[in-house]
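Across the two complexes that follow, chain A remains constant while its partner is chain B and subsequently chain C.
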Partner chain A sequence: MEEKRIGVYVCWCGTNIAKMVDVEAVAAKIAKLPNVVIAKDYKYMCSDPGQEMIVKDIKEHKLNRVVVSACSPRIHELTFRKALENAGLNQYMFEMANIREQVSWVHDNREEATIKALDLIKGAVNKVSYNEALDKRSVEINPATLVIGGGVTGLSAALELADAGNKVYLVEKAGNLGGHVANIDLTFPGLNSAAEVLEPLIYKVNNHPEVEVFLNTTIDEVFGYVGNFESTIKSGGKEYELKFGNIIVATGLTPFDPGKISSYNYEKLPDVITSLELEKMLKEGNVVKKDGSEPKKIAVIHCVGSRNADYHEYCSRVCCLSALKFSNQLRSALPEANLFQIYADMRAFGKGCEEFYASTSKKDVMFLMYDQQCDLPRISKAEEDAGYEMGIEFYEKLSGEDIIVPADMVVLMVAMEAHEEAKEVAHAVGISLCGNEFYIERHPKLDPVATTTDGVYIAGTCQGPKDIPDSVSQAKAAAARILASIARGTVEVEVTTAVVNEDICCGCQTCIKVCPYTAISFDEEKNVSIVNEVLCKGCGTCGSACPTGAIRARHFTDEQILSQIEGLFSKEMQEV
Partner chain B sequence: MSTVVNPDLNTKLVKFGNKSEWNECYHCGNCTAVCSLTEDENLFPRKVIRQLQMGLKDKFNSNIDPWLCYYCGDCSETCPRDANPGEMMMSARRYLTSVYDWTGLSGLFFKSVPALIIAFILVAVSVIGIGYVKQFNPESVMEFGHVFEKMIIFAVVLLILIPNIFRMFWLTILKEKIKAPFFLYVKGIWDLFVHMFTQKKSLKCEKNTFRWFEHFLVVIGYILLLVVTVFFNWFSTENPYIIWFGYIVGGLVFIITFDFILGRIKKNKEISKFSHPSDWLFVIWLFLMGFTAFIVRILIDTDLISNNLWLYIVHLIVIAQWGILIVPFGKWTHFLYRSFAIYFANLKRAGLNR
Partner chain C sequence: MEFEPKIVSFLCNWCSYTGADLAGTSRMKYASNIRVIRVMCSGRVDPTFVLKSFREGADGVLICGCHPGDCHYHEGNYKCLRRYHFLKKYMAQMGINPDRLKLAWISASEGKEFAHLADEMAETIKSLGPCKVKDEMEIFD
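Up next, the complex of A and B:
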C-alpha cells in the first residue's frame, strides 16, 4: 500500500475564523499528526494564491490526500476538488472540515472553539486517510424535453427549446393553451393587449413541427433520471410513451379564494367580485353590476390573501399594478365613476411601474391606505337611501380616521397561491415544495430555475408569484439550462453512490423500502438488490439499514465514518 | 363614528386653484418635514392634503392650518411627486374664505371670472352714474367720494367682515368644541394685532425676509393711505405735512405693488409661479389705488383736476371696486383671517392641551 501523505490547510477566512480560532496553533498541532506531511494556515484558502499553494504543495511534497478546514463544503468543496484535479490528484482524495459555520460563527470562547476546530480536523484527517479514488460517470442526454403547463411560461419555454431543433412534449391539464394570461384583457404598465402577447405564442406552438401538445392531460408518474426520463400519459383516449432528457415544470398558480375572509362577504354580496371577474368584464367591454346597471362608485381592495399572516405572508407582486391598471381601464370605460384604491402599501417596482403609479394618480382616483395590523376592511350593505350599494369600513392609516368608502362594486385583488395540484406534480417529478407550497429552487439567488433533482427545472408562478416578464425570463432561463446540457450531450453524475456486494446481499429488500430516491431495484434472478447509480444520491440511508452490511456507500464507507468518529473523539491534543 | 369619504370636495376645490396636482400626493411627508411653521398641534401641509383628498369636509372646513402657512414654497420644491402642496394651501385659503363668507359671493367670485367681470363693470357703471347725477362737478363729486369711502368701510366691516370672522370662530373653535380658558381670549388680542400689522410669523420661513419687508411696507403704506385719505381728507387738506405724508405712503404702495406684479409676471419664485385671477386683481388694484391717488393729488396740487375729473372718477371706480368687491369677498380678507387664525390656533392649542 502506498504511503499516505496528507496536506492540511487551515483557513483564516479573513477574521471570520481567525478571530475565534487560534489558526496558527491549530496548524502547528495538526502538523504533528501521523501521515500529515505539512499543515499550513492561510488568510483566504479559496483565493487564487490559496489554491495555487495547494497545487504547489501536492507537487513538491508529493501529497496524495488533502484536508482544507475552512467554511461549509456547500460553498467551496468543488473549488478545492478542482485544485486537486489541477495538480493531477483524484478529486475524491479531499475532505473539508467546517470550522466557520460550525465553529467560529457559533462560539464565543476562543479556547474551546480552537479545541473543537482541532477535533473536526482530526476527524477529517482520519477520514481522508481511507478515501479512495473514484471516477465521475457521465450519461447521455435525450434532447427531448417535457414541459408541464401550457401557460405563457410553458409556451415560451417550449418555443425556445423547439426553435433550437429539439423535440418538446407540452402537457396541459386544461382544454386550451394560454393559462391565466388568456383571461386577462390588458397588461401593465403599457396597457397593451394580453392577447397580443399570447396569441402569437399559441399559434407558433400549435404549428411548430417540434412541439407536440397534449391537452386535457396530466402527468401521473415520471421514471428515470437526468438525460433519460420516461413517462406514460393518457391523452384523447390514447396512451403515449414519452422519453425525454429534461423536464420544465410550469404549472402556474391558483387564485386565492376570498370567501375565506369573512369581512369581505364575497358571494354573499352580489357586487363583491374578484380581480379575475373584473378582467372578464373588461375583456367583454361590459362592466356592470349583477342587476345589469352601471356602477357609479367602484372600490378596489388590495392584498386579498396576501401579506397577511392569517392567509399568506408573501406579497403576490402583481396585484398593485393590476389594480392601478383597473383604475386606468375603468376611468376610460366609466369616465364619471368615482374610483377608490384601498391598499396596504403600494409596491410599484419594476420598469415603467412607478411612472404608471404616478400617472394613475392623476386620473381622479382616491387612494386610501388600510392597516393590516388592524382589522381588515369590512364590506356591508348600505342603507336603502344612502345613494350607494355597499359601505367599506376601515381605519385609514394616512389620516388616522375611521372611514366608510361608498361603493356600488368592490373588486378584490386576490393573491396568487401555489397551484392546487402542485403537490401531486412535485411527487411525480421528484421535486420539493417550500413552506408556502410553491416549488423550491436549488438556490434562491444563483440557481433560481433548477431544483435539487437534476434535469428538472421550475419556471413561472409555480416557483412563486411573478408577472409575465419575470415568468417568461424564467422560462427562457430554464430552456437555456436545458439547451446547454443538450449541447454537451452528456452529463456528469456524482459517483458517491451506494454499491451492493452481491455476495453478501440476502435479498431482504429493506434497502428498497428506505431509499428516498427510488434508486434501488431488485434482481429476482440473482435475488439481490441493484442500485441505479444515476438515481442514487449517495445519502447512505440504505447502507445503515442493510442488516448484512452488503451495501457500501462510496466515499462514506464504514471505515471512513468510523475513523472520522475516532478522530473527533480522540483524547489527543485536547488542550491548546 | 366613521366618516363617509367624498370625492366631491376635491372636485370642488379644483375650482379654487389653478392646479389640482395635490391628487398626486402619496403622503411621504417631506412637505411637513421641511416646513418651518408646522407644529405638533397643527400638522400641515400633509394632513390638510389628506383631508382634502379624502373629502373629510367637516374637518377641512374647520381646519385653521391653511392660514398658518405663509407660502415660502419649500414644500412644493421638496415634493418628490410635484404635487405642489404650497399651491394646494393657497387654494385651500381661497376655499375657506368662501366657506366663512355668509353671502356666498366670495365663492362665486373665486370660481367664476365672468361673474367677477360683471360685478366690476356694475360697480364702475354705478360710480359713473353717480358722477353723472352730480353733473361731474369736481367739488360735489369729490365730496361725495369722501363720504362714500366712509360708508363702504362702515358697511363692509359691520355686515360682512365681522359676521364672517364670527363664522370662522364658530367653525374652527365652537363647532370643534374647543374650550380655552377665558383669560386667553383677552391675552391673545394683543398678539392678534401684532400679527395683523407685522405678519412677523412669516419671518420664520427662511426665504421670506425680503418678501416680509416688502409686504410689511405695503400693509403699513396701505393702512396709512387709508387713514390719510379717509380720516385726514388728503384730497381736500391744505396741511403740507399731510399732503407730503400722503405722497409718501401712496408712492410706497404703488411702487412695491409694482414689484409684486413684476414677480407674478416673471414667475421666478415658487410663490409667484401660479397666479389665480384673485391674485392678479389684488395686486393690480392695490397698485392702481396707490397710483391713481398719487396722480389725483398731483392734479389737485397743479390745479389741473377740474379739467381732468375723469381721473378722479377712475380713482373712485378703483376704490369702489376694491372696497365693495375685493375687501369683503376677495383676497383682502387674508389680512384678517391670517391674524385671527393665530389667535384661534392659540385657543385651540390651549383647549387641546387641557
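Up next, the complex of A and C:
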C-alpha cells in the first residue's frame, strides 16, 4: 500500500477563527501526527495564495491527501477540491474540518474551542487516510429548463433561456402570469408604469415558440438529477411528462398578514388598508374610503411585520421606497390632503433612490419617526366630532413626544414573506430553506443563485426580499448559469454512490428493501446485489443496513467513519 | 474539575449540518462538548458508529436528521428512527444508560434549536456522569 502523506492546513479566516482557536498551536500539534507530512496555518486558505500553497506543497512534498481546517465544507469544499485537481491529485483525497461555523463562532472559551478544533482535525486526518480516489462521472445536459413561477423573475429567466434557443417549461400556480408586479401601479424611483415592464414580458413569453406555459399548475415531485430531471404535471385536465436538465425556482413572496399586529386593528377599522390594497386603488385611479368619500388625511406606517423580533427581524427592502412612491402618487391625486409617513428608519438605498427620497420630502409630506424598540403605533377610532376618523398614537422619536396623528386612511407597508408554499416546492425539487423560509443559496456571496442541489437555481424574492431590478438580475444570472452548462453539453456529477463487493455479498437483499430510489437490483445468477450508479444518490442507507459490510457508501465508508470517530478520541496531543 | 463530557454528534448533510452551520453564522453560543461527524443522511448512521463512539470514550451520542417528511432522500430519517429504538434497547442490555443516546430532528433553519439541543444534551450527560464503557472494555484489550 502506498505511503500516506497528509498535508493539513489550518485557516485563521482573518480573526474569525484565530481569535477563538489557537491556530498556530493547533497546526504545530497536528504536524506531529502520524502520516502528517506538513501542517501549516495561514490567514485565508481560500485566497489565491492559500490555494497556491496547497498546490505547491502537494507537488513539493508529494502529498497524497489534504485536510483543510477552516469554514464549513458547505462553503469551500469545492474550492479546495479544485485546488487538489490543479495539483494533479484526485479531488476526493480531501477532507474539511469545520472549525468556524461549528467551533470559533459558537464557543466563547478559547481553550475549549482549541481542544475541540484539534479533535475535529484529528478526526478529519483519520478519515482522509481512508479516502479513495474516485472518478468524476459526466452526464449529458438536457437543454430544456423548468421554471417554477411566472412572476417578473420567472418570466425574465424563461425569456433569457428561450431566446438562446432552448425549450422552457414555465409552470405558474395562478391563472395568469405576472405575479405580484401585475398588481402594482407605478414602480419606484422613476414612477414608471409597472405594466410597461410586465406586459411586454408576458406577451413575449406567451408568443415564444420555445416557451410552454402551464397555468393553474403546481409541481408535486421531480425525479432525476442535474441534466436529466423529469416530472409529471397535471394541467388543464391533461397529464404531461416533462423532461428537463435544470430548474429555476422563482416562487416569489407572500405579503405579511397585518392582522397579526393587534394595535393596527386591520380589518376591524374599515380604512386601515395594506400597501397592496392602496396599489389596487391607485391602479383603478380611485382612492376613496370604504364609505366612498375622499380621505383628507392619509398616514403610511412603515415596517409592518419587518425589522421586528416578534414578526420578522429582516428588512423587506422595498417598503420604504414604495411608501415614498405612494406619497408622490397621493400628492398628485389628492393635492389638498395631509400626508404622513410614519417610519422607523428611512432606507433609500439603490440607484436614484436617495434622490427620490429628497424630492419626495419637498412635496409637503410630514415625516414622523417611531421607535421599533418601544411600542408600535396604536390605531384607534377617533371621537365622533374630531373631524377625522382615526388617531395614530405613538412616541415620536425626533421630538421626543407622545403624539396622536389624525388620519382618515392608514396604509400599512406590509413585509415580504417567503411564499406560503415555499416548503412544498423545496421538498419537490430537493432544496433547503433558511431561517425565514426563504431558500438557501449555495454561497451567499460567491454563488447566490445556485443551491446545494446541482441543477436547481433560485431567483427573485423566494431567496429573500428584493425589488424588481434585483429580481430580474438574479433571474438572468440563473439563466446564464444554465446556459453555460447547456453550452458545455455535459456536467460532472458526484460519484459518491454505493458499491457492492460481490465477494462478500450474501444475497440477503436487505439493501434492496431500504433503497429509496430502487437503485439496487438483484443478480439471480451471481446471487449478489447490484447498484445502478445513475439512480443512486449516495445517501448511504444501504451501507448501514448491510449485514456483511458488502455494500459500501463511497466517501462515507464504514472504515472512514469509524476511523474518524477514533480520531476524535485519540489521546495524542490532547493537552493544549 | 467539573466533568466535561464528550458527545459525538452525527448530523445529516442537508438539514441538520446546515442547521448547525446556521447556529454558527448567527453567532449563537452553545456548549463545546459536541464533536460533529457529517454524514449524507441520518439513514447512514450505522448502529456500529454509535457503539464505536461509546467504545472510544464518548459519554453521549446525538443523532440529528431532517424532520419527518423532509428527508432529502425521502425516508432515511425513518430508517434512522427504527435503528434508534433498537439501539436504545440494546444499550440498556449492554449496561449503557439509553439516555446517553438521543435522536432529534433539526431542519436547515433551526440554528437556534440546534444550539439549544447541544446545551441540553451536554446538561443531560453531565448529570449522568462519565460513561465507563471504555474503561471497562480495557480489561479485554
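As a working rule, the second predicted complex is superposed on the first by the 374 of 576 C-alpha atoms of A that agree within 3 Å, B and C clash if a C-alpha of one lies under 4 Å from a C-alpha of the other, contacts with A are read in each partner's own complex, and residues count from 1 in each chain.
The rule is simple: a contact is a pair of C-beta atoms (placed from the backbone, for glycine too) under 8 Å apart; a residue touches a chain by one contact, two chains touch by 3 or more.
Since this is a predicted model, take the numbers as computed values, not measurements.
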| item | value |
| --- | --- |
| First, second, both or neither for A:Asn98, with chain B first and chain C second | second |
| Contacts of A:Leu84 with chain B and chain C, given as first, second, both or neither | neither |
| Partner chain(s) touched by A:Leu368 [first = chain B, second = chain C, both, neither] | first |
| Most chain A residues touched (candidates chain B, chain C) | C |
| First, second, both or neither for A:His107, with chain B first and chain C second | second |
| Partner chain(s) touched by A:Glu566 [first = chain B, second = chain C, both, neither] | second |
| Partner chain in contact with A:Leu63 - chain B first, chain C second, else both or neither | neither |
| First, second, both or neither for A:Val405, with chain B first and chain C second | first |
| First (chain B), second (chain C), both or neither touched by A:Ser432 | second |
| Chain A - residues contacting chain C, complex | 72-74, 98, 100-103, 105-109, 112-113, 115-116, 119-120, 123, 427, 430, 432-437, 440, 452, 496, 514, 516-517, 537-541, 543-545, 553, 556, 558, 561-562, 564-566, 568-569 |
| Chain A partner contacts - residues on chain B that touch it in the complex | 1-5, 7, 10, 23-24, 26-27, 47, 50-51, 53-56, 81 |
| Interface residues, chain A side, partner chain B - complex | 338, 340, 346, 358, 361-362, 364-369, 391, 393, 396, 398-399, 401-406 |
| Chain A partner contacts - residues on chain C that touch it in the complex | 4, 6, 8, 14-15, 17-18, 20-30, 32, 35-41, 43-49, 52-53, 56-58, 69-70, 72-76, 79, 83, 107-109, 111, 115 |
